[in-house]
Amino acid sequence: MSTIAQQSNIENARTLIEKINEKCFEKCIPKPGGSLSSGESTCLTTCMQKYMQAWNVVSQAYITRIKSDPRGN
Amino acid sequence: KDLQTFIENEQQKAKFQANVHSLTDLCWTKCITGKISSTTIDRSEESCLVNCVNRFIDSQKAIVGQLDVMGGRT
Amino acid sequence: MSTIAQQSNIENARTLIEKINEKCFEKCIPKPGGSLSSGESTCLTTCMQKYMQAWNVVSQAYITRIKSDPRGN
Amino acid sequence: KDLQTFIENEQQKAKFQANVHSLTDLCWTKCITGKISSTTIDRSEESCLVNCVNRFIDSQKAIVGQLDVMGGRT
Amino acid sequence: MSTIAQQSNIENARTLIEKINEKCFEKCIPKPGGSLSSGESTCLTTCMQKYMQAWNVVSQAYITRIKSDPRGN
Amino acid sequence: KDLQTFIENEQQKAKFQANVHSLTDLCWTKCITGKISSTTIDRSEESCLVNCVNRFIDSQKAIVGQLDVMGGRT
């Protein structure tokens, strides 16, 4: 049974990586050049940390809402 | 806990996680609009994200409620 | 067998609600505040009715097209 | 009607509904561009929606036809 | 077994057609009228050929990258 | 080749094709920005497409690498 739970966690991490790459590639690399510039690399790291924070804020807000209003979603 | 309960819990967890991913996607686009310069989310971005989640759920409830009023004629 | 047909209808209604919320949230709530304003609520109701009309117009046009041109899709 | 036919009908219905959902999404974005003020769709919006459905199917047919001409080298 | 391989090819062609239609409808038919104009038809054909070229360029670049860096994706 | 290997190969092929479709979608939007006039992709569009694929993979690797550094606390 722990295998199913693990797969679920892997799936969750995979989706998070995909979303971060989608959003941060768009924000940090508007015109892809011959290599990642150091500015682009820095932007990616910064953006990733920010996206994970946003993800945490959204999770917390969603949990709070569900708890205060169980039939609400 | 038996297998049935375990599977239902996992399905609910998967649905919760999928909702968090799509809400983060939507609210990131709505609330994080400037250039990426700081690694931290500022006050106004944070309250935008929290409001975004809550208004999205409000909006969903309003639509479902309205559909009920209309007699479910979809 | 009616259970399968019912599930299909539920799925259809669920997708319609999702689409309405996606489109109308975007149009009616550009900057989410601390609560739904009455203007936002009115906009959501109006938008929802309009979306369902659009859905009906599209359904009809699609059915008409398929009938006139069965191999066309 | 036997089970096989029933299942095929349901699959076709599901595909039809999915197509209607994605066409409505696409044509809503293309045709309903202003602010939401009226609950009803006006004449020009309605004809835009109908044209959108038909031109989208025309476009799909043109692409498939062209692929056939090219000898299906996809 | 060749049936599975065939299905995979059909699926691939179907996705390509869907993507071409999505992108080229957007580019070539900004305001859908009562019929496809000849300008729109030409644009669709041109756009389709260009999309397939882009698809080939991307495939090649992706293959080259995977080969040079097998753990890279 | 046995069945197991055959199925794994097909799954890998399907994943590769799905990646090519989504990369083409993304990079088309980023690199083919003008009006459609020529049937051929010009030099600058081609190099944009190739760079887009490579930078996207670089970006993905940078994110995964960073997650590892952070101790995988996702």
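Every chain is named by a letter (A, B, C, D, E and F) in the order it is written, and numbering of its residues begins at 1.
Keep in mind that, in the parts below, a contact is a pair of C-beta atoms (placed from the backbone, for glycine too) under 8 Å apart; a residue touches a chain by one contact, two chains touch by 3 or more.
Since the structure is predicted, the reported quantities are computational estimates derived from the model, not experimental observations.
Traced through touching neighbours, the fewest hops from chain C to chain F number 3.
Steps from chain B to chain C, minimised over paths through touching chains, total 1. Shared contact partners of chain B and chain D, listed by label, are C.
Set against the Cα centre of chain B, the chain with the most distant centre is E. Set against the C-alpha centre of chain F, every other chain centre is closer than that of C. If you compare D-E with E-F, the chain pair joined by more contacting C-beta pairs is E-F. By residue number, over half of the touching pairs seen at B-C are also found at D-E, the match among D-E, E-F or C-D. Each chain gets a centre from the mean of its Cα atoms; for chain A and chain E, those two points are 28 Å apart.
Between chain A and chain B, the centres computed from C-alpha atoms are 14 Å apart. Mean C-alpha positions place chain A and chain F at a centre distance of 19 Å.
Annotation for chain E: residues 12, 16, 24, 28, 45 touch two or more other chains.
Residues of chain D found to touch two or more other chains are 52, 54, 60.
If you walk the ring beginning with chain E and heading to chain F next, you pass the chains as E, F, A, B, C, D.
Residues 3, 6-7, 10, 13-14, 16-21, 23-25, 27-29, 31-32, 35-41, 45-46, 49-50, 52-54, 57, 60-61 of chain F touch chain E in their complex. By the touch criterion stated above, chain D contacts chain E in their complex at residues 26, 30, 48, 51-52, 54-56, 58-60, 62-64, 66-67, 72, 74.
Residues 1, 4-5, 8, 11-12, 15-16, 19, 23-24, 27-28, 43, 45-47, 49-51, 53-55, 57-59, 61-62, 65, 69, 72-73 of chain A touch chain B in their complex.
Within the complex formed with chain D, the chain E residues making contact are 12-13, 16-17, 20-21, 24-25, 28-36, 40-41, 44-45, 48, 52.
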